[in-house]
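Following this line, the structures themselves.
Shared between the two complexes below is chain A, which pairs with chain B and chain C, respectively.
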Partner chain A sequence: MSLDIFSQYLINCLMLGMIYAMVAVGFTLFFGVLDVIQFAHGDVLMAGGFGALVAYAATQAVGIANSWVQLLLMVVSTTVMTAALGALVARFLVLPLRNAPPLNTLLITLMMGMVLREAVRLVYPNGSNPQPFPSLLPHDAWRVGGLDLRVDSLILLVVGLLLIAGLHLLITRSKLGLAIRAVAQDGETARVMGINFNRIVLLTFGLGSAMGALGGVMRGLYYTEITFDVGLLLGVIGFAAAILGGLGNLYGAILGGFLFAVLQAIGAVALPVLLPDFPSAYKDVFAFTVVIVLIGWKPTGLIAEKTSERV
Partner chain B sequence: MPLGVAMLVLLALSWALLGAETQTEVFGLFGVTAVIAVIASRLKFTESLGRVAVEHERAVSIACVVGILILMALFHEDHFPLLLLGSVLLYATACLGLNIQFGYVGIVNFAGASFFGIGAYTTAVLASHTAMPHLLILAAGGVMAALVGCVLLLPVLRTRGHYGALVTIAFATLFRSFLEVNDTLGGPQGLKIPSLQFFGWDLGEGLIFGGVEFSFYANYVFFALLLCMAAYVCVRRVERSWLGVAMDMVRTDEIAASVFGISIARQKIIAFVLGNLLVGIAGAAYGMMTNYIAPNNFTFADSLILVSMLLLGGIGNPLGVFPAAALILILPEKLQFIQEYRFLLYGTVIIFILLFRAQGLLPRGIRRFFPCAENDPRQ
Partner chain C sequence: MKKHHAKKLFSSSLLALAIACSALNAQAKDTVKIAFVGPLTGGNSAVGIGGRNSTDLAVKLANENPKNKYHYELVVLDDECKPNIGVQVVTKIASDKSIIGSVSHYCSAVAMSALDIYKKFGLPMITWGTVLPDITYGQKIAEIHRVNGTMVNQNEVAAEFMTKLGYKTWAILHDTTDYGKGHNKYFSEYLTKDGGKILGTFGVTADQQDFTAELTKVKELNPEVVYFGGLTPIGVRIRAQMERLGLKAQFEGTSGIRSDSYIESLGNDLAEGTLTFNEGAPLEKMPKGEEFKAAYARYGYDQPYEAYGPFAFAAADLIIQAIEKVGPNRKEVTDELARTRDVDTLVGRVTFDDHGQNIIPLITKYVVQDGKWVIWEESDYGTGKRKLKGL
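Here is the complex of A and B:
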């Protein structure tokens, strides 16, 4: 395999890993504060992607032609929209079921995801078909040492890294992050310490959803296409990544996200080279099989959640 | 007496629903049902009905079977209502299998449609490439589903809660994409299945019985009914037995169960394998009835529909899956204008059920250790 193709696969793999990590971070944040899985997450970010499309159409209608301004407006609007959506899901679906069995929360958010998916499909014009996503980043390629590096991929990678680092700083250094960690550790004690529990929960859900939506916009910019059902697979993958890394652990989610992307790349590229009968279309089958094996080996994730049994 | 009245009303309603052709009729039926429900609860009829139903469980079961036979006779030559009836029975059978897993021992399985699909695909392959008797093939479908489920056993046993959910969700996604890209299993186009035959009797052909012509689907409804009855009896027996008691205990408190010397792993293995066996058999029969299967019938969303049926019926109550399966399968077919909005509506309805009546239509009652009412020491 030539170095050129290899570098393309590498960038593609990093890109996917970044997006998965951004989705998985949301799952892990939600789990941290409320011990629930918010399965509508994938579809919330799909809705964010479509919100960005609407914002793009709006900027065109107003007559803004500068692509950086358009991008900024898209990102701001989608962040606000998905943060609100995530907080609404938390307020009206997740918090009322706090004392119900975990299965109910899982199901209600799964159903919410289905509702969002169908709503976008039915409401967005021609929503059943893939929608073109505007490619607003510069298309130039830099030639570095015989390799073509596309500027847009590099920008996306750097922005993704900055976002994850920023989230990490927010969680570990800021007062809000301290409150989130306190609620995650022990909700009741956090209340006693004067933390507004509901407010922190809603903020966390907003934060995680916005992070996921940015991942969705990045995915749209990278593939220049978005479909209404992208959220289902992204949600399942993000969930798998978060669980694989160990729920409630930020590093675990990032690790899981990149690990899943690497597994997919191995399934798509490396295995067909080694085993000629193995079609690359089996990449998801391979990746999920490895996930099942890994979870059988480490039942609470690679970076295990610290639990003690209370009787 | 109240039982008889209730059964007659239910029979009439389901006959009208299956036979309704226009949307006005369906809406009229909704109105009538609502009025009946309100009157019944005003007259305290529902309470006495609940008590009577618990006391005469056998009578209720027999009445249900007779009711389905009557429905079958009423629609003897209409293909579509009979197909719906057969699907309801088979989906209910699959839900009975899931009920053992979710309801008794408390392991989550979000790959119900995948195990259903394993049964159907096994049947398709065996029936078109071998000369095995079809009854054996049906059993093979179930065994295959149970065997594939065994591969998942280790991760299922080791994980708990959300981590456990991942195992089956990952499997459901994996299974679907495996079917899509596997050319020997027909790829996205799916496979055809020959119709079911027993001892020279072809279920795919209509038959004339006492001078009346029956649609070939009547055969399948009858067969599905037998299957469903067998599954129901089996699930009820498991629930009633010590196995069921042990399973309930594992679900409510694993630590307490293990303190009392119950092997948690054993209960979970039995429940998972038995449940998948039932789901696989139902899937095999479903494949034979519809004559055609494709990967799109066995997606993660379909697994969710199975779980919704279970939840709507009331998790843990095997009787609940029947009305739930009927509602979830028949309503969208009857209301053509909501076809497009079907999934949207499902989702919304389930959300409201979870928010406002999380226990489902027919919640599971408290276990009665002394089945005969007159011997009940609490009275």
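Here is the complex of A and C:
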């Protein structure tokens, strides 16, 4: 394999891993503060993508033509909207069920995901079909040998890395992050220390959902289309990535996301070359099998929390 | 004021009379139920809804016809393009004895899993959009019919046409359902026979979103044409991601992506030049085509009839004609459908062979030009004004 083709694979994996990581980060944040699994997260991401589409239509309606302004308005409005959606899910679905068995939360958020998915399909005009996502970033391409390096891919990659780094700084350096970490470690003690527990939970859900929405917009810009059911598989993969890395651990989620993307690429490309009878369609089978083996090997995740969590 | 009141009274009593009359009229005829089954939710629902609307139109037009002996009622069910759901809904209609015939399935995988239920309950069905040959030719089931052609004819024409244009190398992507695998099998078979070379074959799952790994491999293989055997949602994703990776090959699909949604979702620029091959003649060329379009517009359906709507209309029409002839009896209707020879329908003449397969030799080639599916011969590409990629 030549270097340019290899770089192309590398960029694909980085991009895909980034999107997975952004979903996984949400799962891991929610689990961290409240020990719950919010299964509607994939669909919250999809809702974020569609929110951006609506905002785009609105900017067109009022006659804004500058694509950077459009993009900014899309990102801001959908982030706010999706953060609010995430906080609402926490306030009305997750928090009231705090003392119920965790299975109830899992089921209720699973159903919430279905409600979101079908609502978007039915409400959005022609929502059953893939919707074109405006490619607002400059799409000039540099051709280096066989590698087509597109400016928009690079921008998305850099922005994604910055977002993850920003989240990391927020969690480790800010007062809010300290409060989130305190609640994650021990909700009761955090409360005694004067931290408003409910407020931190809502903020965390808002934060995680906003990350998901940004992931949705990035996904839309990257693939230039979005469908109402993209959240389903992304949710499952994001969740698997979060578990793989160690549920509750931010770095684990990021590592898990990138690892899953690499596994899929190996399953799709490298294995059919090594084993001629291995069809590329088995890439997900391969990726998930490896994840199962890895989880069996390290049940608390690759980067485990220092104290073992009861799950 | 009084006069106005009297006028109002008169008109409302007239209206009441009209309603009473029409109710009487409806009562005079026995009601016969027929069913429609197709994907109304999920990624393929645009085509499914087009089929549903077209079937609904056939039923409404039949009810408008004073000469008809029966009043028809349509029962609509959603198979979601999923075999397990398909089995459930088909069992539901098959066990309902008041349903005499069914216009069923767009997705081949669903039809395959439901075939035996039609047989077991003796419910005659005409499939309106499935193209897997095995549905009619896999086994001989009297109840199963198909108005559209199969993927065998489609791929035979596709392979011959493309090699004649001068293309030599292909990469094949297909979804891993029976449908996609069938396309891969027949296209590969005919392509090899016609001298084309397949550099790589990639199966993809029906809900896959990222194809960059497969497409980067395709880029490395550097084929002249990328062939895709599958349906619209994945077709859109693959075409869009080819662009992202800078893959400059010509894109060739199958009947599965010939929907208006394909172009809408991609935008005119990306869709431009995409080729597909469809069974049957284009609606515009059919004698009843304009009539169908006008009636469709008259009833104000808010979604288009899509590529397979006319087939659903023709299927419903055939079932209704059979019921008119032999009465609402499943067995009799099945026997009557078997006798279908040279019947004029919206999609041309229909003749069912002994497997219930309509034998239409005609395949139409389409290319996207300026945001529309244009018949190849009439397109700028066909006349040589524009060139496909790599030619």
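Everything below uses one rule, namely that the second predicted complex is superposed on the first by the 299 of 311 C-alpha atoms of A that agree within 3 Å, B and C clash if a C-alpha of one lies under 4 Å from a C-alpha of the other, contacts with A are read in each partner's own complex, and residues count from 1 in each chain.
The definition used in the following text is that contacts are C-beta pairs under 8 Å (C-beta built on N, C-alpha and C of every residue); 3 or more make two chains touch, one makes a residue touch a chain.
Every value quoted in this text rests on a predicted model; they were computed, and no experiment measured them.
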Ask   = Looking at the combined model built on chain A, do chain B and chain C fit side by side or clash?
value = clash
Message = I'd like to know which partner A:Leu233 touches here: chain B for first, chain C for second, both or neither.
response = both
Request  = Considering only touches as defined above, state whether A:Ala281 meets chain B (first), chain C (second), both or neither.
outcome  = both
Task = Figure out whether A:Ser67 sits in contact with chain B (first) or chain C (second), or with both, or with neither.
result = neither
Ask   = Does chain B (first) or chain C (second) touch A:Ile5, or do both, or does neither?
value = second
Inquiry  = Quick one: is A:Pro130 in contact with chain B, with chain C, with both, or with neither? Answer first, second, both or neither.
reply    = second
Query = Clash with chain B: which of chain C's stretches 24-32, 78-86 or 222-230?
reply = 78-86
Remark   = Intersected contact list for chain A, partners chain B and chain C 118, 232-233, 279, 281, 284
Key: In the complex, chain A residues that touch chain C   = 1-2, 5, 8-9, 12, 15-16, 118, 121, 126, 128-132, 141, 143, 146, 148, 150, 153, 222-225, 227, 229-230, 232-234, 264-265, 268-269, 279-281, 283-284
Request  = Going by the contact rule at the top, pick out the chain A residues touching chain B in the complex.
outcome  = 31, 37, 93, 96-97, 100, 102-104, 106-108, 110-112, 114-115, 117-119, 122, 232-233, 236, 239-240, 243, 247, 279, 281-282, 284-285, 288-289, 291-293, 295-296, 299-301, 309, 311
Remark   = In the complex, chain C touches chain A at residues 41-46, 49, 176, 202-205, 207-210, 212-214, 216-217, 219-220, 232-233, 236-237, 240-241, 243-246, 261, 264-267, 270, 303
Ask   = Which residues of chain B touch chain A in the complex?
value = 102, 108, 152, 154-155, 158-163, 165-167, 169-171, 173-174, 177-178, 180-181, 255, 300-301, 304, 307-308, 311, 340-341, 343-344, 346-348, 350-351, 354-355, 358
